Amino acid sequence: MTTPIIQMKNIEKHFGSVIALAGVSVDVIPGECHCLLGDNGAGKSTFIKTMSGVHQPTAGEILFEGRPMHFHDPRDAMAAGIATVHQHLAMIPLMSVARNFFMGNEPVKKIAGISFFDRKLADDITMSEMQKMGINLRGPDQAVGTLSGGERQTVAIARAVHFGAKVLILDEPTSALGVRQTSNVLATIDKVRKQGVAVVFITHNVRHAMAVGDRFTVLNRGQTLGTAKRGEITPEELQDLMAGGQELATLEGSLGGTV
Amino acid sequence: MTTPIIQMKNIEKHFGSVIALAGVSVDVIPGECHCLLGDNGAGKSTFIKTMSGVHQPTAGEILFEGRPMHFHDPRDAMAAGIATVHQHLAMIPLMSVARNFFMGNEPVKKIAGISFFDRKLADDITMSEMQKMGINLRGPDQAVGTLSGGERQTVAIARAVHFGAKVLILDEPTSALGVRQTSNVLATIDKVRKQGVAVVFITHNVRHAMAVGDRFTVLNRGQTLGTAKRGEITPEELQDLMAGGQELATLEGSLGGTV
Amino acid sequence: DDLTYILVSHAPDSDTWWNTIKNGIALAGDQVGVSVEYRNPPTGDIADMARIIEQAAASSPDGIITTLADFDVLQGPITAAVDQGIDVIIMNTGTPEQAREVGALMYVGQPEYDAGFAAGQRAAGEGVTKFLCVNHAIQQPTVGERCRGYADGLGIELGDAMMDSGTDPAEIKNKVLAYLSANPDVDGILTLGPVSADPTIAALQENGMAGDIHFGTFDLGEEIVKGIKDGTINWGIDQQPFLQAYMPVVILANWDRYGVLPGNNINSGPGFVTKDGLAKVEEFAGEFR
Amino acid sequence: MAVTDTKDERIKETSRFRQALIRPELGGIVGTVAVFTFFLLFAFDSGMFAAQGVMNWGIVSAQFMIIAVGACLLMIAGEFDLSVGSMIGFAGMMIAVFGVVLAWPMWMAIIITFVICLMIGALNGFIVIRTGLPSFIVTLAFLFILRGFTIYIPQTLESKTIIGGIRDAAEGDWLAPIFGGKIGAPIFQWLGDAGIIGVFERGNRMGEPVVDGIPMMMIWALILIVFGHVLLTRTRFGNWIYASGGDAESARNSGVPVNQVKISMFMFTAFCATVFAVCQVMEFGSAGADRGLLKEFEAIIAVVIGGALLTGGYGSVLGAALGALIFGVVQQGLFFAGVESSLFRVFLGIILLGAVVLNTYIRRVITGER
Amino acid sequence: MAVTDTKDERIKETSRFRQALIRPELGGIVGTVAVFTFFLLFAFDSGMFAAQGVMNWGIVSAQFMIIAVGACLLMIAGEFDLSVGSMIGFAGMMIAVFGVVLAWPMWMAIIITFVICLMIGALNGFIVIRTGLPSFIVTLAFLFILRGFTIYIPQTLESKTIIGGIRDAAEGDWLAPIFGGKIGAPIFQWLGDAGIIGVFERGNRMGEPVVDGIPMMMIWALILIVFGHVLLTRTRFGNWIYASGGDAESARNSGVPVNQVKISMFMFTAFCATVFAVCQVMEFGSAGADRGLLKEFEAIIAVVIGGALLTGGYGSVLGAALGALIFGVVQQGLFFAGVESSLFRVFLGIILLGAVVLNTYIRRVITGER
C-alpha cells in the first residue's frame, strides 16, 4: 500500500453555533477511490471543503504528502494538485464553456512581457476534453447556460479530471444524473483511479459507492463511524450504518426491501 | 380499476427553439403511484409542470376527472386538488415554516367582514403536520433557512400531502436525501396512496421506483417509451429502457454490474 | 445679550454661489457679536425649506433671515414665525410687496425678475436681438425668473431660448457650443451664475466668439471677473450677496438692541459690474463678491 | 417512521432572551433609542422637545414615513422604485395643471392625478414583470421621464417651472382638506390656553397656540403604517408579498400570483408618493419642478435602516417607520443642535452604514447563519 | 463511453448569420447606427457633423466613456458604485485643496489625490466584501459622505465652495498637461490651412482652425477603453472579473480570488472617476462642490445601454463605450436639432428602456433561453 497523499486528522469545523464537524479523521491514498457516505447534513460537503481549501478547519491537522499543510484558499489546494467538483456546481452559466473550464487556472502566454490569456490553447483543450467525455459542443464559446444539467455536471468533472493531478474530489456528482450519465461518471472515476490519482467520492447511493469504491467512510452528525475496505463490508451493512441502525427494518419490510 | 383522475393526451411543450415535450400521453389513477423515469433533460419536470399549471402545453389535451381542463396557473391546479413538490424546492428560506407551509393557500378568518390570515390555525396545523413527519420544530415561526436540506424537503412533502386532496406530484424528492430520509419519503408515498390519492413520482433511481410504483412510464428526449404496470417489468428492463439500450452492458461489466 | 439669527436659503448644498452669503453672515456675526447659523435644504427642494423655517422658528432664535423663493410655499411658515414673535427679514429673492405681506421687517435683495428685466433692457440698448439663456438650475423656479425678465426686457419671446444645461462644466460648455452652432444668429448670451458662466466663457474662447458675442451674466466669481477683464463678458449683474447677508444681521442686531430700523427696503442690486473698477471685485470674488 | 431527535446536540444553546430580542425591527428600535438619547443630551434646550419642535421633526418624519411605507412593501416584494421622487414632483405638477391651469374642480384634479399616478406605477410594474428587467433600470428610466415632463409641461403651458395658487383653487373643496387640513384644533387651543404649549405673541394670530392641530400628513402616515403593517403581517396578501420577494419562482410554483402582487405593490408605492405630493401641494399651495428630488433614496434609506433586505423577502413596516423617524429626527435635530449643515450628509452616510451592518447581524442570527 | 449525438433533434435550427450577429455589443451597435441615422437625417445642416460639431459631441461622449469603462468592469464583476459622482467632486476638490490652498506642486497634488481616491475605492470594496452588504447601500452611504466632505472641507479651509486658480497653479507642471492638454495642434493647423476643416471667420481667433487639437480627455477615454477591453477579454484577470460577477461563490470555489478582483474593480472605478475629475479641473481651472452630480447614474446608464447585465457577469467594454457614445450624441444632438432641452430627460429614459429591452432579448438568445 502506498502512503496516504492526504491525511485529515481530527478535523473540527464550527459555523457560528453549529458544529458541522466534530473531529473527523480520514486518509486518502493514491490510486484508490475513497467513498464518503452519510445522511443529509452529516458534514460530508463541509469535510471535503476543508480538504479543498474552501474552509479552514476550526481544529485538527491536514497532512499533504506527509507534511502539515494549510490551504488558505482553493487556489492553494489547486496548486497542490487537488481538484474538486462541488455539490452545487462551480459553473457560471453566462460564461462560455472554455472560460468556465479554465476558470481560476487560465493558461497564459507572454506577449511583449505581458501575460495574456491564451484563448486558443484554452479553446483547443476544452474541445478535446469535452470530446473525450462524449459531449459535442457547438463551439468552445457556447455559454454553459445552454447546456443541460447533466452536460454541465460532465463539464465540471472533465475540468476536475484535467486539473486533478493528484487528488480528485467529487461531491455527489451523480445525485441529479440519469442512468447513462451516471455510468459515464463512474467509468471516469474508474479510469482516473487507475492512472494513480486519489479519488474522494461522496454519494448517498450505496450501489454507486460499491461500484467504484476501495474504501468507505460513513459520516454521521459530524462524526465518523469508521472506515472499511472493499470486501470487508457488504452493501447491506453499509446501508445500515448510514441509516443509523435498526429502525429501517420495519419500513423495509412493508416496502419490499428495495430502498 | 378506477377511472383515471388525470389524462394527459399528446402533450407538447416548446421553449423557444427547444422542443421539451414532443407528444407525451400519461394517465394517472387514484390510489396508484405512477412513476416517471428518464434521463436528464428527458422532459420529466416539464411534463409535470404542465400537469400542475406552471406551464401551459403548446399542444395536447388535459382531462381532469374526465373533463377537459385548462389550468392557467398553479392556483387553479391546487384548487382542483393537485399538489406538487417541485424539483427545485418551492421554499422561501427567509420565511417561517408556517408561512411557507401555507404559502398560496393561507387559511383566512373574517373579522368585521375583512379576511385576515389565520395565523393561529396555520401555526397549529404546521406544528402537528411536521410532528407527523417526524420533525420537531423549535416553533412554527422558525425560518426555513435554519432547516437542513432534508428537513426542507420533508416540509415540502408534508405541505403537498396536506393539500394534495386528489393528486400528489413529487419531482425527484429523494435525489438529495440520505437513506433514512428517503425511506421516510417512500413510506409517506405508500401511506397517501393507500388513502386513495393519486401519486406521480419522478425519480432517476429504479430501485426507489420499484419500491412504491404501481405503473412506470419512461420518458426519453421528450417522448414516452410506453407505460408498464408493476409486475410486467423487471428492474433490469426498466434500467435498460432509461439508459436507452445496450451500450451500458460493456460498462457494467467493468464496474461489477452495480450501477 | 446673546442674540441668535438664522439664515435659511433655498439653495441646494451644491450651489456654490451661496458661499458668499455664508461668509457675509459669519463676518457680520463676528463684527456685531451675535451668533449666526446658515441652513438650507440639501436638494434645493423648497418644500423642505419650509420645514427648515418651521424648525428654525421652533428653536426660538431672535431673528430669521430667509429668501422668498416660492411665495406660496413659504408664506405660511414665515407668517407663523413672525406671529410667534420672531423678527424676519427677507433677502435675495422675493419682492418688497411679498415681504410686507408675510410681515417681515424689510427686504434686502434684488428681485429676480426685475434684475433680469433691467439686464434685458440694457442688452437691448447694446444691440442684442436673439439670445441664449443658460440655466444650470432648471428645477429651481427662482433662477428661471431671470431669464423671463431678460426676455421681457429685450421685448422678445422667451421661447426655447432658455437652455436646461445641467451642472457639469464640460456638458454646459458643449451644449452652449452646440446651441450656438445650430443657431448662428444668436447675438447675446445670459448666464445665471458662475456655474453656467465659467464653462460658457470656455466655450466662447474655444469657438472664437469671445468678445464678439454679447455676454451678460448674473453674479460674480473668479472666472467671471477674469472674463469681464479680458472683454469676454460685457457685464456681470452684481446683486451683492454679501450685503444681502451682512445687512440683515446688522439690522436685526440693532433692532433688537436699540430698536432702530431703516425706513426702507434695501436694493442690493442690480448693479452692473463692468471693466471699470474691478480691483476689489477681483480680490474678493467668490468670497465676499 | 424515523423520528428526529427533539434536540440537536450539534446546535450550541442560544438564550430565550436573545431569541425574543432578535426581530427585524430591532435595529430600528436600537437606532431610535440612540438617536433620541443623543439629542436629549445635546439639544435639549434648543426647543427641539417643545411642542413646536416636536411638531417640526414629527412632520418631517411623517413625510418620510409616507413614502417609506410604500418603498418598504415594494422592497419586501422584491423590487424597488427609483422614480418615487420624480413621481412626487410629477403628481404635484399634475394637480396644479388640472386644478389651476385648467381650473377643474380640485377634487377632480386630485382624483385624476391619483388615477394617472397609479397607472404609471402599474406601468412600471408591468414593464418589470414582462421584460424581467431589474426594477433599478426600469424605474431609473421613469425617474428621468417623469422629471422631464414635470419640467417640460409647466414650461410649455406657463413658461415657468412653478405653478402657484393651488390653495386658493382648493378653497371650499370637499376632498382637499383630507390632504391639506389639520385636525384636533380645539384640543390644541385648550392646551395653549392652559399654558401647556406656547401661544403666538403678536400678529393676527395672537393668542392662538403655536401648534394648532395635527396636520393630515401625520394622519396619513399613521394610516399607511397601520394599513401596511396589518396587510403584511395579518393577511394572506401579506404572505404573498413576502413570498414574491423571497423567491418569485418558488412563490409562483406554490400558486402565489406573483405578478399581481408585484404590480399592486408598484401601484401602492405610487399611491404613497401621490399622497405625499397632494399633502404637500395642499399645504404649501404650489407645485414646483424641484419637488421630491432624491426622495427615492431617502425612502430606500429609511426602509433599509428599518431592517428590510434590499434584495426582498424580509423586512417590516414598523421598522421602516422607525427608520423614517430616525431619518427625520437626525435631519432636523442636527439643525437644532446647530451642526454645520454640509455635515448632515456625512452623518447620514455613517448612520446608514452603521444601521445596515447591525441589521445584517440581526438577520443572520434569525436565519441561523450565525 | 456513451457519446451524445452531435446534433440534438430537439433544437430547432438557428442560422449561422444570426449566431454571428448575436453578441453583447449588438444592442450598442444597433443603437449607435440608429442614433446617427436619426441625427444625420434631422440635424445634418446644423453643424453637428462639421469638425467643430464632431469635437463637440466627441468630447462629451469621451467624458461619459471614462466613467463608463470603470462602471462597466465593476458591474461585470458583480457590483456597482453609486459614489462615482461624489468621487468626481471630491477628487477635484482635493486637487484644488492641495494644489491651490496648500500650494503644493501640482504633480504632487495629483498623485496624492489619486492615492486618496484609490484608497476610498478600496474601502468601498472592503466594506462590501467584509459585510456582504449590497454595494448599492455601501456606495450610497459614500455618495453622501464624500459629497458632504466636498462641501465641508473647502468651506472650512477657504470659506468658499468653488476654488479656482488651478490652471495657474498647474502652469509649467510636468504632470498636469497629461490631463489638461491637447495634442495634434500642428495637424489641425495644417487641416485648417488646407481648408479641410473650417477656420474661425470672426472673433479674436480668426484664421485659426475651429478644432485645434485633440483634448487629452479623449486620449484618456481611448486608453481606458483599450485597456479595459484587453483586460477583460485577453487576460486571465478578465476571466476572473466575469467569474466573480457571474457567481462569486462558484468562482471562489474554483480558486478565483474574488475578493481581490472586486476590490481592485472598485479601485479601478475610483481611478476612472479621478481621471475624469483631474481632466475636468485642468480644463476648467476650478473645482466646485457641485461637480459630478448624478454622474453615477449616467455611468450606469451608459453601461447598461451598452449591454452589460446589472446583476453582473455579462457585458463588454466596447458596448459600454458605445453606450457612452449614444448618450453623448443624443444629449448634444438634441441641441443641434433644436429640441426643447428639458425633453432630454424624457428621451434619455425612453432610450434606456428601449436599449435594455433589446439587450435582454439578445442576451436570452445567447444563453439559449429563447
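Each chain carries a letter (A, B, C, D and E) given by its place in the written order, and its residues are counted from 1.
The criterion applied here is as follows: a contact is a pair of C-beta atoms (placed from the backbone, for glycine too) under 8 Å apart; a residue touches a chain by one contact, two chains touch by 3 or more.
Computed from a predicted structure; not experimentally measured.
**Q** Could you label the chain D-chain E interface same or different, taking same to mean over half of its residue numbers are used by both chains?
**A** Since more than half of the residue numbers are used by both chains, the interface counts as same.
**Q** Select, from A-E and C-D, the pair of chains that is joined by more C-beta pairs in contact.
**A** C-D
**Q** I'd like to verify one number: the distance from the centre of chain C to the centre of chain E, where each centre is the average of its C-alpha atoms, in whole angstrom.
**A** Using C-alpha averages as centres, the distance is 34 Å.
**Q** With chain centres defined as C-alpha means, what is the inter-centre distance between chain B and chain C in Å?
**A** 72
**Q** Take the average of all CA coordinates in chain A, do the same for chain D, and state the distance between these two points in whole angstrom.
**A** 50
**Q** In chain D, what residues contact two or more other chains?
**A** 1-2, 147, 151, 155, 342, 344-345, 368-369
**Q** Taking each residue of chain A in turn, which ones touch at least two of the other chains?
**A** Within chain A, the residues that touch at least two other chains are 180-181, 183, 187, 247-248, 251.
**Q** Going through chain C residue by residue, note those that touch at least 2 other chains and give them in order.
**A** Residues 13, 138, 162, 164.
**Q** Within their complex, state which residues of chain D touch chain E.
**A** 127, 131-134, 136-138, 140-145, 147-149, 151-152, 155-156, 297, 300-301, 304, 310-311, 340, 342-350, 352-353, 356-357, 360
**Q** Over in the complex, which chain B residues touch chain D? Could you list them?
**A** 52, 54, 73-75, 77-78, 84, 86, 88-95, 99, 102-106, 108, 115-117, 119, 133-136, 143, 145-146, 151, 180-181, 183-184, 187
**Q** What part of chain B is in contact with chain A in the complex they form?
**A** Those in contact with chain A are residues 38-42, 148-150, 172, 175-183, 186-187, 190, 204-208, 210-212, 239, 242-244, 247-248, 251-252, 254-256, 258-259.
**Q** Show me the residue ranges of chain D that touch chain B in the complex, using the header's touch definition.
**A** Going through chain D, the ones touching chain B are 1-6, 234-236, 238-240, 242-243, 246-247, 249-257, 309, 313-314, 366-369.
**Q** Which of the residues in chain C end up touching chain D in this complex?
**A** Touch residues, chain C against chain D: 13, 37-40, 42-47, 50-52, 54-60, 70-73, 75-76, 79-80, 82-85, 103, 138-141, 144-145, 148, 158, 162, 164.
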